[in-house]
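What follows is subunit A paired twice: with subunit B in the first complex and subunit C in the second.
Presenting the complex of A and B:
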């Protein structure tokens, strides 16, 4: 990494960490995830509850925090004219946009590892059992990878939409309403970013949720992210700030 | 005079809602989601066919309720001030302003719910009684007001939007909680859904009227809290 690249990413990281919305979202997600792990551990899931099942099941809900994180990181540039200041400091738009996404990915990865780890530990206490270390590491890695990719996809969509509420509403409707309804009924849903990535974080998934192997699923989600980032970068380069 | 003022405040709120692109998008979602699922599900023979689709379509009025409140406070990309200062200059009485807003949200939510319910039930060929359709419409309107009340308290749409849409998902968080504590059946969505869904796998049975009353009580409590906060704090 060249010196300049590091500086650009560092600048974006400073901005990201200085936003109250990012801390609050990350913290709220952590707490909500741990509470859901207690709920899943206590309620039991069909097919018997293991520590990993109860610890990883909350990811399906807590991904909402990472979607918010991705959206807020981008749309915060559009309130109060922050973007004009940003572009005065970093006039090269592609560089600025990609630096933001890299620093966001770092933040999301860190938040995801902590969140998933905490959920698994809490689930372990509630279920009163242990998970094998290899499986736990695999679960954390897969879930953190999925959540980071989801954050990036959300950020790219937000950069295309440029408005907090519409971007968030669209993403939430996809991830929580349209996605689950489509995957129960149609084959193409296998390749949508939510369903394709399902086995990355929930290895025991069956049916269309289990159609793709974790690695194939990760490749499909990554392809969506690359596509969305390509569109958002092009849009960001061409539009007025 | 009072009636004239109230009426013009109501008209103003309606025209504000109609001028928001998000509201039109919300209406589109509210019709397309249940109708789309109804088309895919066309051969379903469940007694709740059509009504289950409407339970998901409620996401349309969630967006409506959130945007009706949040658009007064925060629109990205606009530097000069918030709509609320203009709104309160035009309608200085905060009570009248809020009542007009609630009336406008109720009007749009009712219209949207009726259109969505008629289209969805026709598509699926559900010959259910009018009372269940009425229940679905009431559920949509109460959900819109719930979203509005929550956003009035937070003044920011992100949290209400996330919580409410998350909780409209196929396996809702409140449903999960109901597996742990029977108290969860008194959450507004779990109670309100009894107004039009008959097959629910929940520990406590509530009649449609009782369910509706529980949900309405939540909405009233939230709106009263929103009202009290809104009257006291700076715009």
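Presenting the complex of A and C:
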């Protein structure tokens, strides 16, 4: 890794951690996820809801927080003319863009591990049972991986759109309206980033949600991320800042 | 040190810049003057690698800005506004810029002191006045103690004391051998500050030379400016 790359990842990390919106989003997501885990744990039939089901089910909702995180990390550059400061300090755009995504992935992974771990622990208390360590680790790994990839995909979309509300609206419509509608009707929906990644965090899914194995699903979501990052990098290089 | 060579910029069908060429030299303050919308900011943005030219080049010591090894030590840029996100503190903003250039944290305190912003370093940028925002932008530009300063309308939003301060500061920078390039649409404010003058109007350079050459027989820079630009129907 070049000197610049290491410095710029450090700068982007400093930038991300000093933005109040990122902490608030991560914290809000953690709290919401734990509360949902309590609700799912308490609502389940006695003996019918496993700790992992109750602990992981919130991911479907709390991914909103990671979508917001990805969008805000990118669109905050366009507030107060900060992007000009960024590009005069870090003028090689591909390196800068990728440095931002690397620092964001680190932040998202950390936030996701804490969020999912907390949800499983809380669910365990409510259900009055424990998940096996292997199952718990697998659940945390899959869910945190899915949430991190979703954050990166959201960031890349935001970098293409460059505005908070349109980027957020488009992503939320996809994940919560278009995605669920399509997956009930068409086979290609299996390969959309929300449906494809479902078994990464919810191994027991059935139907189209369960069509791809967790690893295949992860590969499909990763492919979407790579595609979106490639498009966003090209756009970022070509456009006037 | 800063060399603009035959820059042309089109946006759609609009011709923003046409064949703009000039240089800013070490040890001198170069005033890049013209009315609003003349192409000053567009030229500076291309020089700083923010916008892409349609043709022509803008070089810093013979290199495009984006190819500079250590940009913060080469060029400090002050464009409009603070260049900072409103929800970060002034110090947090400078911290990440310093990190990008591998600049030690104590330099952050130095530049805060220099622009007289130490007292507001822990306040969020959203609570800054216009003048404080401009001073924060200058602080960020000075982090790397750059060889050249590029400032777009540096006296906009400053009170008379601030204007006096920045004039003195820029003169001292030039006297120490640095390059200063500043744009402005306020001619009267600048005649005591600049050594060289480039006048741009409607995307074209209409005159350039030393202050004495441009002012010539006229009473002052302002008169010369209007004589040079009024013919083109503003």
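Assume the second predicted complex is superposed on the first by the 235 of 241 C-alpha atoms of A that agree within 3 Å, B and C clash if a C-alpha of one lies under 4 Å from a C-alpha of the other, contacts with A are read in each partner's own complex, and residues count from 1 in each chain.
Quick note on the criterion: a residue touches a chain if its C-beta (ideal position, glycine included) is under 8 Å from a C-beta of that chain, and two chains touch if they have at least 3 such contacts.
Bear in mind that the values here come from a model prediction, so they are computed numbers and not experimental data.
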Touched partner set for A:88, first subunit B, second subunit C, both or neither: second
Touching partner for A:79 - first (subunit B), second (subunit C), both, neither: both
Contacts of A:43 with subunit B and subunit C, given as first, second, both or neither: first
Which of subunit B and subunit C A:7 touches, first, second, both or neither: second
Subunit B versus subunit C as contact partner of A:113, first or second or both or neither: neither
Touching partner for A:162 - first (subunit B), second (subunit C), both, neither: first
Set of subunit A residues, in rising order, touched by both subunit B and subunit C: 21, 79-81
Interface residues, subunit A side, partner subunit B - complex: 21, 36, 39-40, 42-44, 61, 64, 67-68, 72, 75, 78-81, 162-166, 168-169, 172-173, 176-178, 180-181, 184-186
Residue ranges of subunit C touching subunit A (in the complex, touch as defined): 45, 48-52, 65-66, 68, 71-72, 75, 77, 79-89, 92-93, 95-97, 99-102, 125, 137, 140
Partner subunit A, residues of subunit B touching it in the complex: 21-22, 25-26, 29, 33, 37, 40-41, 56, 59, 63, 66-67, 70, 74-77, 79, 157-158, 161-162, 165-166, 168-170, 173, 176-177, 179-180
Subunit A to subunit C touching residues, read off their complex: 3, 7-8, 10-12, 14-15, 18-21, 76, 79-82, 84-85, 87-93, 238, 240-241
